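Heads up, there are several structures right after this.
In the two complexes that follow, chain A is the common piece, with chain B as its partner first and chain C second.
Moving on to the complex of A and B:
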C-alpha cells in the first residue's frame, strides 16, 4: 500500500512535467496550428542553464527563473524562425521546429557537454500516509497546479489571453477585429517556451538532464496533448498525470525498461482512434 | 479626399485569376451606399482589400477615419461568450466597455454569457454588428446583412442599421445579394459583375433600370425556378 502511494506521488510529479511540456505544445498549436517538435528542447536548455547558474552561486529561485526565461526566449526564437515569414504553412513550420530541435543538440553539447547533469531541488522527505517520498515531488505538483490555474485565468480573463483564445477559435475573425495573428503566434511560442522551461527546471532535481532528454519529454508531452486534440490544456494536464502514474507504476512493479513504450502505445492508440474519426490531426474550425 | 471611402482602379488577383478588375467606387461622407452583384462577382474580395485583409495587386484605397467590418458569414468566435466576442471588437481601440452595445441591442443583454456558436443566425448578426461598433467606426462595411436570415429578422437588422447611420453619422457600405433590399435602403448603388463595375447611380434610378430589373430584381422568381 505504501509502495503504491509512493508510486502515485512520484508518478504525478513526473506526469506534471509531461503535462507542462504538453500544455506548451497546446498553447502553440491552438494559435498557430504548428506542432512544435522543439518543445522538449526548451526544457533541456532551461535545466542546463539552471545547473550552471546554481553552480555559479546564484540562489534558488533566481537560477530557476533564469532557466525559465531562457526557455521563453528560445520559444520566441523558434517562433520567429518557424512562423516569421508570412504564408508559411503549418507543415513547413513543423519541419523547421524539428530541425531547430536537432540544432539545439549541437549547441547544448558544445556548451554543456554530453554528460548528465542535475541540481538539488527542495530537500527533505515528506511522509504521506505511510509512504515516504522526496518533498520535491510535492513542490512539482504545487507549482504545476498554480501554473495551470494561472493559465486558465490568463486565457479567459486577460486581454492578451482572450486574443490568443480568439486566434484559436477563429483565426479569420481575429484578423477582422484587427488582432495581429502572427504576433499572437509569437506570443504563443514564447509562452510554450516558458512552459517547457518550467517542466525542465522542475523535474531535473528528481531526474537528470542530458542534451537528448527532450525525446522522453516530447513523446510523453505529445501523447498527453493529443488526448485533448492538441487544443485543450486541462485534458493535457489529466493526460500527463495519467501517463506519469502509469509509467511509474509499471516501472515500480518491474517493467522499468518499458516506460517510453507506455506513452508511445497510448499516443498511437489515441491518434489511430482520432484519425478514424477526423483525419490525422484534428482540424479546428479554420 | 472626397468621400469616406475612395477606391480607385482596384485590381485583385487570386493565383492568376482576376477577382477585381480596375474597380473604382466612392462612399460619400454620411452616405448609405450599396454594392450588389451575383455570387462570385467579387464583392467580398473588395471588402477584404478595403479592410486590409488582402493586398491589392493594383490601385489605391483611402478611408477617412476608422473602418469596421461585419464579415460575410458573421464569423463569430464560436466557443467564446457574446460579451467576449463584443469586447474583442474593441481590440484596436482598446475599448473594453460593452454596455453601450447592449443599450443598442437590448436583446443581446440576456445572452451576454452564452457561447456565440449557440446563437441563432440573427442573434449572431447582431453580435457581429455590435462587435464592429466596438471599434467606434466612422465607416461601417457590412458584407451580406440578410444572407440566410428570416425576413422578420432582416427587417429588425435593417432598422438598426438605419438608426445607426442617422444617429451616429456613420458612413455605410452595404454588400447585398438581395438587390431589392439594398436599393430600397441605400442612396446610391454600384453593380459588380465578374469583377468589374457594370453600373452605378442613385438607387431609385438603378431600381428602374431595365438591366437591373432583369438581372437582379427578378431574383425571387429566379430562386424559386432553380
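Moving on to the complex of A and C:
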C-alpha cells in the first residue's frame, strides 16, 4: 500500500510536467491553430540555462526564473518565425516549428554539449501516510497547481487573457472587435514558451535532461493535450496527471521497460476514437 | 524533365561508382537509399497531403526483415525480397486505424509508432536488442557476393524502380484521385473517389519503398541497431522531400542530393583539425533546420521546380 501511494505521488509529479508542456501546446494551438513541435525544446533550453546559472553560483529561484524567461523568449522567437509571415497556414507552421526544434538541437549541443545534465532541486524526503517520497515531487505538484489556477484566472479575468480566449473561440469575430490576432498569437507563443520552460526547470532535478529529451516531452505533452482536443487547459492537466500516474504505476509493478509505450498507445487510442466520433477533421488543416 | 536530362543523369550516375574512392562510395550508396525513401515520403506528402514523421520505422522494418532471415541462413536475395513485403504489411496493419487521422494528428501518430517500434526493438533479444544485429551476411546474387560497387548499382536500381513506380502512379487514374483527395476530401469523395482506400494504398507503397531501401541498407552495412533509425532520420526524410519539392518526381532526388552532399561537406569541415568534436553534429542539425525553414517559408514548392527541372504535374494547379 505504501508502494502505491509512493507511485501515485511520483506519478503525479511527473504528470504535472507533462501537463505543463501540454498546456503550453494548448495555449498556442487554441489561438493560432498551430501545433508547436518545438514545445519540448523550450523545456530543454530552460533546464540547461538553469543548470548553468546554478553552477555559476546564482541562488535557487533566480536561476529558475532565468530559465523560464529564456523559455518565454524562445517561445516568442519561434512564434515570430512560425506565424510572423502573413498567410502562413497552420500546416506550414507545424513544419517550421519542426525545423526550429532541430535548430534548437544545434544551439544546445553548441553551448551545453551532448551529455545529460541535471541540477539539485528541493532536497529531503517527505513522508505521506506511510510512504516516503522525495520532497521535490511535492514541490512540482504545488507549483503546477498554482500555475493552473493563475492560468484560469488569467484567461477569464484579465484583458489580454480574455482577448486570447476570444481569438480561440472565433478568430474573425475577435478581429472585428479590434483584437490584433497576430499579436495575440505571439503572446500565446510566449506564454507557451514560459509554460514549457517551467516544465523543464521543475522536472530536471528528478529526470536528467539532454538535448534530445524534447521528443519524450513533446510526445507526452501532446498525449496529455489531445484528451482535451488541444484546446482545454484543465483537461490537459487531468490528462497529464493520468499519464504520469499510469506510467509510474506500470513501471513500479514491473513493466518499467514499457513506460513510454503506455503513453503512446493511450494517445493513439484517444486520437483514433476521437476521429471515429467526429469523422475526418476539417480540411483547413492543409 | 526531358529524356535527354534523364539519360544524362542516368549515364553519369552509372559511370560514377567505380571511379569513387571508398569513402565517397559509401556516401553515394546512402544517398541513393535516402532518395528512395524520400520518393515515398514525397508521394505521401505531395500527392496525398499527409505528413509522416515515422517513415524511418518502415526503413527499419525493411532492414530487420531482410537481415534477420539472412542471419539464420536464409538466402540473402530472399531476405531482400522480404523487406518491402514486411514493410508493406506493417503499413496496411498500421494504416487501417491511423489513416483516419489527418494533419498534425497523423504526424504525431506516425512519430508515436516509430518510438514504440524503437523501444520494442531495443527490448527484443531475438533481434539483437539494444546492442543490435551483427554479422549480417553480404548480399549474394546468383552466387556472386556483392562488393561495394555492386551495392551502388543495386541501390541505383532500387531508386530507379521507385522513381518509375512513382511516375506511373502519379499519372494514373488512382494518382489523379489522390491529388483530388488532397485538395478537397469532401469533393473527391462526392465524385466517387474511394479516399480511404487510395490513401492506404499510397501509404503502403511509400512504406514498401522505404522497406526495400532498408533491406539494401542492412546488407550494405552488415550491422543494425535501433540506434540506426532515430526519429531524426524520419525528420531528415521530410526535410529532403520538402527541400527537393513536394509533388514532383525529380524533387526527392534533388532534395536528397543537396542535403546529403551539404551534410557531407560540413562533416568534412567539422572534422578538420582544430574544430571541436561536437562541430559535425551541430553543423548538420543547423543545415537540416535552416534548409527546412527557409524552403517551407520562401520556397514552398521546393528546389526542383525552382530549378525548372519539371514544369508540368503541379499538384496544386
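To be clear about the criterion, the second predicted complex is superposed on the first by the 278 of 286 C-alpha atoms of A that agree within 3 Å, B and C clash if a C-alpha of one lies under 4 Å from a C-alpha of the other, contacts with A are read in each partner's own complex, and residues count from 1 in each chain.
Please note the rule applied: a contact is a pair of C-beta atoms (placed from the backbone, for glycine too) under 8 Å apart; a residue touches a chain by one contact, two chains touch by 3 or more.
Treat the numbers as computed from the prediction; the structure is a model and nothing was measured.
Enquirer: Would you sort A:264 into first (chain B), second (chain C), both or neither based on which partner it touches?
Expert: second
Enquirer: Would you check which partner chain A:116 touches, where first means chain B only, second means chain C only, and both and neither mean what they say?
Expert: neither
Enquirer: Just to be sure I read the superposition right, which of the two partners does A:92 touch: chain B = first, chain C = second, or both, or neither?
Expert: Only chain C; A:92 stays clear of chain B.
Enquirer: Quick one: classify A:129 as touching chain B (first), chain C (second), both or neither.
Expert: Touch status of A:129: no partner.
Enquirer: Touch check for A:106: first (chain B), second (chain C), both, or neither?
Expert: Second partner only.
Enquirer: Once the two complexes are aligned on chain A, which partner has more residues of chain A within touching range, chain B or chain C?
Expert: C
Enquirer: Shared contact residues on chain A, chain B side and chain C side combined as an intersection?
Expert: 285
Enquirer: Which part of chain B faces chain A closely enough to touch in the complex?
Expert: 51, 53, 69, 71, 75-80, 84, 87-89, 91-92, 96, 131, 135
Enquirer: In their shared complex, at which residues does chain A touch chain B?
Expert: It is residues 159, 162-163, 165-166, 169-170, 172-179, 285 of chain A that touch chain B.
Enquirer: If we count contacts the way the header does, which residues on chain C are in touch with chain A in the complex?
Expert: Contact set of chain C toward chain A: 49, 51, 53, 97-98, 100-105, 107-109, 111-113, 115-116, 119-120, 123, 182, 184-186, 231-232, 235, 238-239, 242, 278, 281-283, 285-286, 288-290, 292-293, 296-297, 300.
Enquirer: Please output the residues of chain A touching chain C within their complex, sorted ascending.
Expert: 35, 81, 85, 88, 90-92, 94-96, 98-103, 105-106, 109-110, 113-114, 212, 215, 219, 222, 226, 257-258, 260-261, 264-265, 267-268, 271-272, 275-276, 280-281, 283, 285-286
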